[in-house]
Each structure stands twice: as C-alpha cells, then as structure tokens.
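Structures incoming, each one as structure tokens.
One chain, subunit A, appears in both complexes that follow, with subunit B as partner in the first and subunit C in the second.
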Partner chain A sequence: MRAERMITPAVLFVVAFLVTALPFERSGGNFAGTASFLTTFLTTVGIYAIFTLALNIQWGYTGVFNFGVAAFFLVGAYTAAIVTKDPASGEFVQYVGGFGEFLSPNFLDAGEWLPFIVGIGAAGLASGLLALLLSVPTLRLREDYLAISTIGIAELLRRAVIENPTVVGGTNAMVGIPGPLDGYFAPGDWKYAFLVMVFVFLGLLLFAVERGIRSPWGRVLRALREDETVTAASGKNVFAFKMQGFVFGAVIMGMGGAVFGFGRGSVSPDTFDHFFATFLFWAMLIVGGSGNNWGAIVGAFVVWGVWTISLQLNGYDLPGILQVRIFFIRDLLIGSTIVLFLLLRPQGLVPEQRRVSSWLDRRVRTPPDARPPPEADATGGE
Partner chain B sequence: MSTYADRLRGNLRVFNEFVAGPGLWILITLLFTYAALFETQLFVIGLIVGSVLALGSIGLTLIYGVLRFGNFAHGDLMMMGAYVTFFLLNGTLLGQRRDTNIGVGLNDLPAGTERLGDLTFGYSFLIAVALSAVVLAVVCIGLDRLVYRPLRRRGSAIVTFAIASLGIAFSVRALLLIIWGPDPRTYVSGIHKAQHYPFDVVLKTDQVFIMVVAIVMAGLVYLLLFRTKLGKAMRAYSDNPDLALVSGINTDRVIFWTWVIGGSLMAIAGSLLALQANLKPELGFQLLLPLFAGAILGGLGKPQGALIGALVVGVAQEVSVAYISAGYKPAVAFLILILILLIRPRGLFGDAN
Partner chain C sequence: MKSDQRPDILTIEDVSKAFGGLQAVNRADLAVAEGSITGLIGPNGAGKTTLFNLISGFLKPDHGHITFKGERIDGLPPHKVFHRGLVRTFQIPRELGGMTVVENLMLVPVNQAGEYLWNSWFLPWRVNEQEETNFTKAEEVLSFLNLLHLRDEYALNLSGGQKKLLELGRTLMCNPKMILLDEPAAGVNRTLMRDIVEDIKRLRKELGITFFVIEHDMDIVALLCDRLIVMAEGTKLAEGSPDEVRKDERVLEAYLGGRGR
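And now, the complex of A and B:
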C-alpha cells in the first residue's frame, strides 16, 4: 500500500528531472538556455492542461464521450485568431474578420488586452455553439455515436480549413496573431509573462471547475455518469444535464484553443490532426486519472514531459535505426501507455476522490466526538 | 393526462416507425437511380469503393454485435492487413535511410508475378492476401486476449473498450510507421490500362476484381452466419447475450470466431483498397468515418445492413465529387451519419430499442 502511494511522486520526479537535466546537459550547463526551455515546456503543459481539464469535465465527470477534441480546439483557435488579428492586407494575404484594429481603442492601452478578452470569449462561445449543435442528434443515443460524430466533425472542419484558403488561410496557416500584453516586454521576455498568464488562467479555470463539480449541479453530472436510469428516476433531465456538461467542456476547449493561438502566434491545419489534437489529451487524462482535476494537470505534465524527453533524446548519438524512428516510437509509447493504464491502473496517477460535497467533507474531517453539539452547530460553531 | 410533450413524443414514434424507415429506403433508391442514370462512371466507382468499405463495415458491425463496442482500431487494422500483404509480396521493410529487403517474398515464387489476364498482379498476390488474413485474425485474437478479455473479466464499462481500441488504433499506426515508414507504398508499379465497358464506363480490370472478391466474401459471410450452427450462435448472441448464455452458447467460442471473421475481412478489405490507392498509414483513421457511417446506416450489429450502408456511403462519396471538391469526401460520410442519427438512429435493419 505504501509503495503504491509512492508511484505518483516517483513518476513526477523522474519526468521533472529528465525534462530539466537533458536540456541542461545538452546546452553544456547553460542556465539561461535551460530556463528558457523550461518556460516553453511549462507554457505548453499549462495550455494542454486546459484541454485535459475540459475533457475531464466531459468524460471524467459527465461520462460524455468526445473523440474530437480537435474540432473544438480548431474552432477556438481560429475564432480567436480572426477576432484578434489586424484586417487582411491585400491580394496574397486574405482571411475574414481581423477585428483587432477595431477592438483597440486608445484609452487605457486597450489594444494590449481588449482584443484578447474578446477573442477568448468569442472562442468559447463558438466552440460551445458547435457542441450545442452536435449534442442534439447524438446525446440521446449511445455513447459511441457521439464519439464517431465528434471524430467526423473534427475531420470535416480540418478539411474545410484546407479547402478555404481565402477565408482562413488554408494550408498556409494564419500567421501574425498578436500576443496579449506583448507591447510591455522585450521580445525575448514576453514568454515568461505569457507563462504566468497561462497559469493564472488555468488557475481560474481550475477554481471554477472545482466549484462547479462540488456543487449540486456537479453531483448530478457525476450521478449521470454512474447510472443514467437512476438519475432520471430521481427527476433529473438527463439530456439537459449531459448537454450542459458537454457544452461547458467545449467552451473551455475553445478558450484553450484561443490561448494556444496567442502563444504560438499562428494556427495551421496540421496542428489539428487526430493524433496531436485529440488523442494526446485522452492520453493525458487517462494517465493523470479521469474524474480528478489535479489528475488532469498531472497527466498533462507527465505525457508532455515524456514527449519532450523523446525530442531531447534525438539530439544524442543514438544508433541510426533508432534516430530515424524515434518519433514513431514515441507515438507507439503513448498509444500503448493508454492501453496499459486502462488495464493496470484504470484510476490513473491521481485517483478520483470519492467525495460527495464540500459540506460533507467538513463534517467528516471533524471527528464525531470533537463536533460541537447540534445547537452550537446551528449558530455557526465551525 | 397527456401533456403536449407526450403527444409530441408519440407522434415522433409514429414518424419513426412508419415514415423514417421507408423514407430512408426511398432516399437511397433515389440516390442510386439518379447516380446510375446521370453519373454512371462515378456510380460504378462508388460501388467499387463501397464494396471495399462494406467488408470493413461488416466486420465492424459483427464485432459491435457480439462485443458491444465500436472498434475504433478497425481502420488502422485494415491498413495493417494491407501492409502485411505488401511485406509478404516484396519482403520490404524500412531501413535506416531507405528500404531494406529481407530478400524473400512471395513475388519470388516461380512465375509469381506473371499477370493473371488483364490484372496487374499474379497469383502471389492471392496467396499474400490469404496469409495476411490469417495474420490479422491472429493479431485480433491476440489483442482480445491481451486487452479486451481482461477488461471484460473486470466488467469494465463499454466506453472503456472504446478508449482501449482508440489506444490500439494509434499504437498500430505508430507500429506501421516504425516498420514501413511514412512514404506511400504500392503493390505493383507501372501503368495500368483501363478497359471500356458499356454505358461509357471506364474501369481497370483490378477494379472489377475488387468488386467480385467483395461480393464473394460478403456471400461467404452470409453463408457462415445464416447456414451454419456457429453463425446461428453468433446471431443469437448478438441479439440477446443473456438469452444466448442461458441456451448454452459458448461465449468464448463466439467471440473467438467473431475476431477471426472480422480480422480476415480487415486484411482482405485493406489489401483490396491498396490495389487501387496508395498505401499510407494515415489512411486507416480516415477510413473510420465511412466505415462507421455505413455500419450505422445499416443498423449496428446487422451485417446485411452494413453491406447496403457501405455501398450507399461509397456511392454518395464518389458521386459528390461531381459537385463539390474531393476534399469534402469525409464531409459526405459525416452528413449521412448525422442524417441517420437524426431521423432513424437504429438504421435500416436495426431492431426497435
């Protein structure tokens, strides 16, 4: 039992050590270089944690089966790009929207933050709307139908982007998405500020999700996941609650897409293929532990850590045959990890807590004999 | 007391029972008639693509019927079948920089590559496909033993199987990339002349071969399911697992043979597909959408439905090329899927509930 409790810290430690040590060693002990590398790494982890958190709401809490995270990712990223960019400038650069200029009035340096707030909001809205539309034909049916429909919509949207170069840039990517507050920092320093912004945003989301899940609303979602019939029998509208869980998750995915676009500075259809934009998040959630928000974040860290480590290994003198295939081997590693976790550790690295509500927690944490008598309790004894 | 919602629900049920089912058949007939009359060439190509898809969809629907989960690894395993055939023919693997050849392959058989009639391949291809079918059946059973059976024993939720199959899908794709690399592959190189047929249809002989094989395989599956005791057991188990257990049907045997049939159909479908298109590891996941659309259109768990469903999807996808960009082919499969889910989720042949 004790040994089992050590698994998660051990895994975290090994990943953290390798992620720090490999670039440090390769850069010949350059502290600044390593810090810069780690900043990029942690920013990516933070952004992916947003998606894993959203997937956790859909799958971990509501039991809704989304195999097309890429679709919501794509909608969010492109919506935010369209909103925040400056208008298109001529024959060779064409896209719709480009409201950045109009959203940058001169008071309070609004140009540095207003487009991004509007962009994130619009991204969440568009992505939520897509989820709403998709849930109508599929959510009343068996889980697999939603799964295949989301795969379908992801493929369809990616094709639509490629086929419409004049609307959203096609395969040439949409470049030149501005970064929030980048006017205040030297070009090399902005990424540190962005890291802070990402983690503040992630923290806010985490807080909102935790509050939501611990609320009566969240309890209905979890009840639904366990047994739809019983939940329906206690008078809950199963379809409405499933839809809310699905849409809530999709809104967060859309916002994550927006943040991704701001950080990357460009969006292109290759980013949204099934492996990179859907499966990776599933791997993160399963490894971290579905049904636990902290698990989702731990999973994002561990899986992206393994991903990065394999990238770093490629810089060493590996046997040639391995060098050619290291990326495919990494894919295989992550694919089989998901299966192994389902078989050997279905609860993930950070298992779900069997708690019902925060109110009950407080009651349980206080031993019965230490509890004040009921009269005192009523007047706020705790 | 009946509320408005109740009345609406009743009307929907009537609609579903008496309008949606026949309506769907009428739509399909209209599509086929229109395509056959005005887009004859695309219609025939669509039937060929559809018949390959059908072999995949039939396997998918059989696995769904017996094991109760959507096998998201189906497309990638089909690709694996195609690559195994490729390997058996040429003995080619990806080396450090370029291909390495192990030096043995079925193409080295005496007169193995001598073309059969107007086809582009010799009898070595037939042997390779047959062996590949055996390999894929073994792979499927191995996956069942290693992954799905432990999950079954634990009584895992259906969705867990689906996630596991997604994990397998990506692992298989990665494995194909490791062994054969990302470059497109073909079984035989060289130009292949097309033949003219009545009604201005131009076809390669390989395409005719594909269709014939697909029809023969579908016929064999029909015979197996409806004329043998094993098939009866499979259908019974698929209709009602509890009842089947009570009547003494051996579950393990049913599941074993489901994987054998599903796996061999994957290999055959994949190899046929590779006869007329380049072989690429990414193709597998793109196949999923049309495969599922076909299976759901026919009614999940119903092989005869999957056959018709896949033909419809194939024809609709190919005919659409006359009107919209070919890049939107997956969109056509997706639209069919959504349409079915909206008006008749149980498909053409599915039972109520």
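And now, the complex of A and C:
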C-alpha cells in the first residue's frame, strides 16, 4: 500500500530530475541555457495539458471515444490565427477565399491583450460548432465507430487545408501570428511571460472544469460512461448530455489550439498529424489517469518529459545501434509506456476521484463514523 | 380485493414486437388498473421483459398502442417515459459500477439545478442545497434496502442480490406514478424480500403508486399482487385474482408445455 502511494511522486521526481539534469549537464553547467530549455519544455506541457484536460471531459467522463482531437486542434489554431493576425500582412488577404482581411478586424490591434482573448474565444466557438455539427451524425454511433469517424474527420480537415492553398495558406503555413503582449518584452524574454500566461490560463480552465464537472452535471456524464441504458432509465436525456460533454471538451481543445498558435507564431498542416495532435494526448490521459482532471496535467508532464529526455539522450555517446535509431525508439517508448500503464496501472498515476460530486466528497469525509476504510479510498488529486 | 372499478392507468392495445423472425410480443392486449399491484407471470421467453421494454420506451412496438394516464407513450424515448412518472427496473441488474452506491441513487432525482453546467459554475449554493436533499433521500432509501453501510462503495463491488436491491432503490428516488419491476425477488434474501413486499404495499397505499411486477416466485406473487396477468408466447393468456389464475387450466398447460420443451 505504502509503496504504491509512492509511485506517483517517484515518477514525477525522476522525470523532473532528468529533464533538468540532462540539459544542464550537456550545456556544461549553463544556468541560463537550462532555464530557457525548461521554459520551452514547461510551456509545451502547459499547452498539451489543455488538450488532455479537454479529452478527459470527453473520454474520462462522458465516455466519448474521440480519436480525432487533431480536428478541433486545427480548427482552433487556424481560427485564432485568422482573428489575431495583422490584416495587411502579405498574402493573407487572399485567405479564406478572399475574406481573410474582413475576418481580422482592424480594431483588434495586435499590440494589446484584447485580440488574444477574442482569438481564444473565437477558436473555442469554432471548435465547439464543429463538435455540435458532428455530434448529430456521430454520437449515436457505437464507441468504436465513433472513434473511426473522428479519425476520418481529422484527416479530412487536414487534407482540406493542404489541398486548398487559398483557404489558410496550404502547406506554406500561416506565419506571422503575433504573441500575446510581445511588444512589452525584449525578444528573448517574452517566452518567460508566455509561460506564465499559459499556466494562468491552464489554471483558470482547470478551475472551471473541476467546478463544472464535480457536480450533478458531471455525475450524469460519468453515468453515461458507465451505462447509457441505466442513465436513460434514470430519466436523463442521453443524447443531450453526451453532446454537452463532447462540445464542452471540443471548445477547450479549440482554445488549446489558439494558445498553441500564439506560442509558435505559425501554424501549418503538418502539426496536425495523428501522432502529435491526437495520439500523444491519449497517451498523456492514460498515463495521468483518465477521469481525473489533475491526472490530465500530471500525464502531460510525464509523457512530454519522457519524450524530451529521450531526445536529450541523443547527445550522449550512445552505441551506434541506438544512435541512428533514436527517433524510432522514442515512438516505441511512448507506445510501450501506454501498454505498460494499461497492463500494470490502468487507473493511471492519479486515479479518478471515487465520488463525482465535490459536495458529497466533503460531506462523506467530515463525520469520522461515515468514513470508508482508508485503503478502499482511491481518491487522488488535490 | 378487486380494483375493477378503478380506471386503467396503463393500457396495451394490440401491441406486437418481432426480433427478426421471432415474434416476442404478439398482438398483446392488456391493462393495469390504477393503484393496483398487478403481477405479470408466464414461462421463460413469454415476452414479459420485452413488453416492459416496449412500455418504458427502450423498444418501439411494430404495431399497436400503449397508453399511460390517457396519453400515448409508445415511441417516446425512455427519459420522456420516465418524466411521465413511469419508471422501471432491469431483470439483470445494471448498476453504474464506477460510481458509488449513493451516487447511483443521487443521479435519479429530476429537476436538479446542478445538471446544468451554468448552475454548477455560478449557483453552487443552490446546487449544494439540492445535493443535501438528494443525499438525505438516498440515505433513506438505502437504509430501507439494508444497503446503508455500502453507500460509499463502488456499485461494482455489490453482490448480485444487493445490485438487485439497488435497482429497486433507483425507482424510489423519484416520485413515480407507476413502477415496473422485473423479477425484484430474484437472488434477494427471502426475509428481506418479505419486508420489501410489505413496503411495496405500503407505498401503494400511502402514495398511490401502481406496481406492475414480473415475478416467477409464486409465493411472493401470492403475497404481493391483487391481480395477475399471464403471458405465453407473446400474448395474454389469462387474467384474474391469484386464486383464479392458479386454478386456470390454460395456465397450467402453458407452464407445463413450456417446461416440456
């Protein structure tokens, strides 16, 4: 029991240590370089955690098997880019079939914070609308068919972007997306400010999602995941709730796409491949603990940590047989981590809370005579 | 103790349902009187559970009408049938395994403000007030079913009989007009079942809830029901008081015939 409780802190420590120590050692003890490296690393973790959090609503709670996260990521990233980009810049005027200029209103001066808030909102809206449209034909499908159709939709959108250069620039990528408040910082320092912004935003989302989901609303979603028939027999409109969970998750995915674009400064279709834009988030959710919002964040940290560390290893004198194969070994590593977790620790690093309702959690915890035996309590997080 | 003078709360007219070539319910015609405890008996495969699925909206009839409180309900989705005040249990218990026992029950009450995302964000005090009410109600139901000590256990870990009781508990969490029970006694301890029989009678008397009960255990049926409907091969074979039905030759034949196969 005791040993098991140490697994999560131990994993977190090892990943944090390696992610810090390897670049420090390789840069010959350069503090500034290591700090800069860690900033980039944590920013990515923060952005990916947004997607994992969203996927947790869809899969961890509602039981909707979305294997096309990339579709919502893509829609969010391009929407925010179009809204925030400076209208006059380059070939942008021809985008969106010539409407690009119109869609990026002049009153949104990219030097201020407003266009980014509007951009994030628009991204959430567009992605949510896509989910709403898709939910009608797909949500009534069985879980496995739903997964297949979401894969199809993600690929369809990506191909549409590639094949139509006048929509959002095709394979040329859409460049010149401004970073929030980047006018206020020296070019090299902005990324630290952006890291703070990402984590503030993630914190807000986590708060909203926790509060929204650990409630009677979330209870209906978890019931759906467990058994749709009983949920219907308990008087709940199965389709309506399933749609709400799916759309809510998609809105957050769209917002994640917006933040991703702001950080990158450019968006191109090759970002949205199945591995990076869908599969990786599933890996993060499974490792972190499906059904727990905190787990989604822990999972993003650990999986992206493993990914980063494995590339760092490349700088060392590895045996030739590994050296040339390191890129394939990384894929293998992520794949085997998932398998390992599914076999040995299906509940993930931070298992889901036993009770959905946070009110009930507090209520049951308070009177000591009502406490369940401690080892039966699989509550995580906090 | 006949309730013939009372109006029918549920009527099934000429209802049929086939699965492929198999005619599970075949032009069934029957009615349940308001405030009665009506038993539905018949050999295995007679179509009893299928009839419940048709009434509760989980299946659509191929043919015929189902009327509840004077309104057509055939073709309505299950949650709408539920909201009309008609609730059901499942023959094979279907618990929400990954949720605690008490939350299985707290799911059920209608008009929960917290079921709207907006309210859980902005009106938590209202949500919490209702949670308190629903929790108290769920605890009452659990103590009635002898399950109170398991309230914080995952429903997955209940025994077969306990899951059966949880099924019954679900129907007691709302204020239904009519409850369909599919073999409530199967796997449940006899002494406890006798208590439950008494409580069902009390619910009927005090709250006027109508019960329609599928049950194979003839002792329970005799204790519980004031009227029996016998189904065989998808259609109504006989109807009457438990005593009348027991003497009916066609009923004996149907059961023996069913057993002989």
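As a convention for this text, the second predicted complex is superposed on the first by the 343 of 382 C-alpha atoms of A that agree within 3 Å, B and C clash if a C-alpha of one lies under 4 Å from a C-alpha of the other, contacts with A are read in each partner's own complex, and residues count from 1 in each chain.
Simple rule for what comes next: a residue touches a chain if its C-beta (ideal position, glycine included) is under 8 Å from a C-beta of that chain, and two chains touch if they have at least 3 such contacts.
Because the structure is a prediction, the values reported are computed rather than measured.
Of the two partner chains, subunit C is the only one that A:231 touches; subunit B does not reach it.
Once the two complexes are laid over each other on the shared chain, residue contacts for A:223 go to subunit C alone; subunit B is not touched. Of the two partner chains, subunit C is the only one that A:215 touches; subunit B does not reach it. In the superposition on chain A, A:304 contacts neither subunit B nor subunit C.
Applying the stated contact rule after C-alpha superposition, one finds that A:248 touches subunit C and leaves subunit B untouched.
When the shared chain is aligned, no partner comes close enough to touch A:51: not subunit B, not subunit C. Remark: subunit B residues 69-70, 72, 94-97, 147, 150-151, 156, 158-160, 162-164, 166-175, 177-178, 285-286, 288-289, 292-293, 296, 325, 327-328, 330-331, 333-334, 337-338, 341-342, 345 touch subunit A in the complex.
Within the complex formed with subunit C, the residues of subunit A that make contact are 208, 211-212, 215-220, 222-223, 225-227, 229-238, 244, 248, 352, 354-357, 359-360, 363-364, 370, 372, 376. By the touch criterion stated above, subunit A contacts subunit B in their complex at residues 63, 65, 67, 136-138, 141, 143-145, 147-149, 151-153, 155-156, 159-160, 162-163, 274-275, 279, 282-283, 286, 320-321, 324-325, 328-329, 331-332, 334-339, 342-343, 346. Against subunit A, the residues of subunit C that register as touching in their complex are 56, 58, 77-79, 82-83, 87-88, 90, 94-100, 102-103, 106-108, 110, 112-117, 120-121, 124, 127-128, 130-132, 135, 152-154, 170, 174.
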